[in-house]
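What follows are several structures.
What follows is a pair of complexes built around chain A, which joins chain B in one and chain C in the other.
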Partner chain A sequence: MVHLSSALLRRYHGGLVIIRLALGGCTNRPFYRIVAAFNKRARDSKYIEQLGTYDPLPNIYNEKLVSFNYDRIKYWIGCGAHTTKPVAKLLGLAGFFPLHPMTVTAAERLRKLAAQKEQEASGSGTEEGQGKEEQRQEA
Partner chain B sequence: LLRVAKCPVQVCRFLSPRGSVLIETVRGRKSRNDPKAKSKQDRVKVPPPIDPVEMVVLKERYTQYQMIMRALRVEFKEQIMRRRYEEEVGSRAEERTKHEAEEHRALMAWNDAENLRLRQLREIRVQKEVEELAMKREEAIGLQEEKRRKILKEKEQEILQLQEDVKTFITLENLDQRIEEALDNPKNYNFAIDKEGRIVKRTAIP
Partner chain C sequence: MRICGGDDDIATVQFSDEKVQDILIRITGMDLQKIFRPVKEELKPPTYKLMTDQQLGEARQKAIEEAKLKLKMPPVLPERKPINDILSQDKFLAGMETAKYVFTDITFQTPHRERFVVVREPDGTLRKASWEERERMIQVYFPKPGRKLTPSPIFQEGNLKVVYQQDRHEDLLDLCIAQFEPDSSEYHKVHRLAYEDIDKRAKYELLRSSRHFGSLVWHLVMVRRVDGLLVDMLQRELINEAVSLVTLFHMVHPRSESAKEAGRLEAKGVELLKVYASTESQRGGYIELALQAHQQMLQENAL
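Then we have the complex of A and B:
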């Protein structure tokens, strides 16, 4: 059984390095590590290097904590690593990458929904008011 | 017909606390040839509705984003190459070689000094050892001489003693004289002694 070293592994695999979130933690308590790993590896198995963390549950000050090792992320992206969508979104929010388009569109959609709901609430309120006035006039 | 194909996803054991249940996910209850469920036979899967205005805006944003990402990648690659180049061939390399050469010289000088010091110590030690050896040898010789002298003295003493003893020996000429002397003076070696140490020489037995 040949024990492949990392250089040989890269050549053997075709070498797709990805920066992604590896899930850890306990039941009802997820915790992600931002990790540079080969594409074909399982999500939580051996990675090349850990580049940060992400805690999806907000803490007592209502903050979701994220950490990045910018120097090493630069190195891996320079070596040709790609990121997954959630990692790209997080980095965009952090300011290291440009803001992901989907973050912006999600925010816009939320705003539209909120505006619509307000309109409906005010519209139904004015309609009710108008209906009551008409009733009074009729009466 | 329902074959449960168990291909459990790798479960991270070292982060889960002791005593908790490890859930192994099983993907898909149905195998390839199982028919659709009755409630789902007429279902038509419809993709989510797309707003064309939003789509256009989104496409524009994506093109910009991808352009920026490509530029970033190239930038990072350049940074890495520059760092590597500077490490190997840049100004830092010269400083490093100079520094290393100086260190080497200093260390060699220190080594020489140490060697000199140890050599001097060693010479002193060796000299001392040689002197000690010589002393010991002399002492040994002295002791041997003394032993020889002692033996000689003892031997002389013995000879003198013998010479004196010769006078008391019984020879053929003295034999008759001596027998007569012995018969004339009977000696009584008997005596009595009690526990307090009083000796009594006058005894009943002759």
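Then we have the complex of A and C:
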């Protein structure tokens, strides 16, 4: 078995650097580190550099804490790194990237759902109201 | 700092001017016994050194240098204005989240004052974080020793009174400097209450050889309640320091009556005190009595 050193491995694979979320934490308590790593590496294994953190559970002030090392993120993007969707969405919410189109789409879908539910509620409400009136008229 | 008199221009003289700092350093005094009093640390057996007189003098010089470092005054800055900057308003994002997102920039080299801390509210607005949120986030990612995330309950009103009764103003002010930024409203409030309590009970000796004395004197001069401190200095026979105090008062309030009188008479030294006692102060009689007593003592000593 030929064991290549890591530099040769990268060259052989044509490795890509990705900025992604690496999961940590405990059971029922996730915690993500925003990390620049090679594409083929396991999600939580050796990364090149940690660029920030993301805590998905809100704290006592109802805040979700996210930290970014903008300086190093700019460097890695300059080196040709790509971001994954969740990282791109977070950066869009932060104002560093423009807003991700899926964030906008998800917001629109939510609003459509909410509008539909309202219509159903008001529609069923009027039907019930009409039904009760008829019952009273009959009785 | 609020001032009632409207006819003086205070903006021309600042806390950080060289002349003001010189006067304040002179007034603070340098009681080495008090500065280097034993602080509660681990018990170590004392070390004894055999020194010649010259070496003792050098050691004393070193102690004075260290004491000057310990007596460095914390800055007196005006209160900071709240941050109300909105970066973008995206109403269509409303309803997506139930919690705010707080984004902090953790670049190591940026100074904390210039760090970006930005909040995305659940209704879609992207705004700069307020001062409290900023301090909390910076303490989370760059913890400063001695500072807690939520300020300790000692800074609540009731507990402050207990501290004042125990005469531990200096420790309280040290805690306050570690916990709050010098231009925050809590810092100003705690300091103002401590100084007013000291002034009410005339316990200037508590802060005398510490780094808080300069700010105490500056606060009293700005609020024009220098009489208690003057009386205390005269009782302890610190005439030079009393004179410097009155010169500082004239520097900060150049259009007050006593400053004009002194300028007209070109008074120096003890005469300045007499001018101040006659024109501006409320306890002028006491000051004059103390001055007379001091001069009698001088004559007796000369005899």
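Quick notes
Here is the rule we use: the second predicted complex is superposed on the first by the 119 of 139 C-alpha atoms of A that agree within 3 Å, B and C clash if a C-alpha of one lies under 4 Å from a C-alpha of the other, contacts with A are read in each partner's own complex, and residues count from 1 in each chain.
Note that in this section a contact is a pair of C-beta atoms (placed from the backbone, for glycine too) under 8 Å apart; a residue touches a chain by one contact, two chains touch by 3 or more.
Keep in mind it's a predicted model, so treat the numbers as computed, not measured.
When the two structures are aligned on the shared chain, A:Arg43 is found in touch with chain B, with no touch to chain C.
Of the two partner chains, neither chain B nor chain C is touched by A:Gln119.
Using the contact criterion defined above for the overlaid structures, shared-chain residue A:Pro98 touches chain B, although it does not reach chain C. Of the two partner chains placed by the overlay, neither chain B nor chain C lies in contact with A:Thr84. When the two structures are aligned on the shared chain, A:Tyr75 is found in touch with chain B, with no touch to chain C.
Contact with chain B, but none with chain C, is seen for A:Gly24 once the two complexes are overlaid on the shared chain.
Contact with chain C, but none with chain B, is seen for A:Ala107 once the two complexes are overlaid on the shared chain.
Comparing the two complexes, residues 104, 108 of chain A contact chain B in one case and chain C in the other. Contact residues of chain A toward chain C in the complex are 52, 58, 61-72, 90, 93-95, 99, 103-104, 106-108, 110-111, 114. Those residues of chain A that touch chain B in the complex are listed here as 23-27, 31, 42-45, 74-75, 77-80, 97-98, 100-101, 104-105, 108. Contact residues on chain B toward chain A in their complex (touch as defined above): 9-10, 12, 15-17, 20-21, 23, 54, 57-58, 61-62, 64-65, 68-69, 72-73, 76-80. Touching chain A in their complex are the following residues of chain C: 87-88, 90, 92-96, 98-109, 116, 118-120, 126, 133, 136-137, 140-141.
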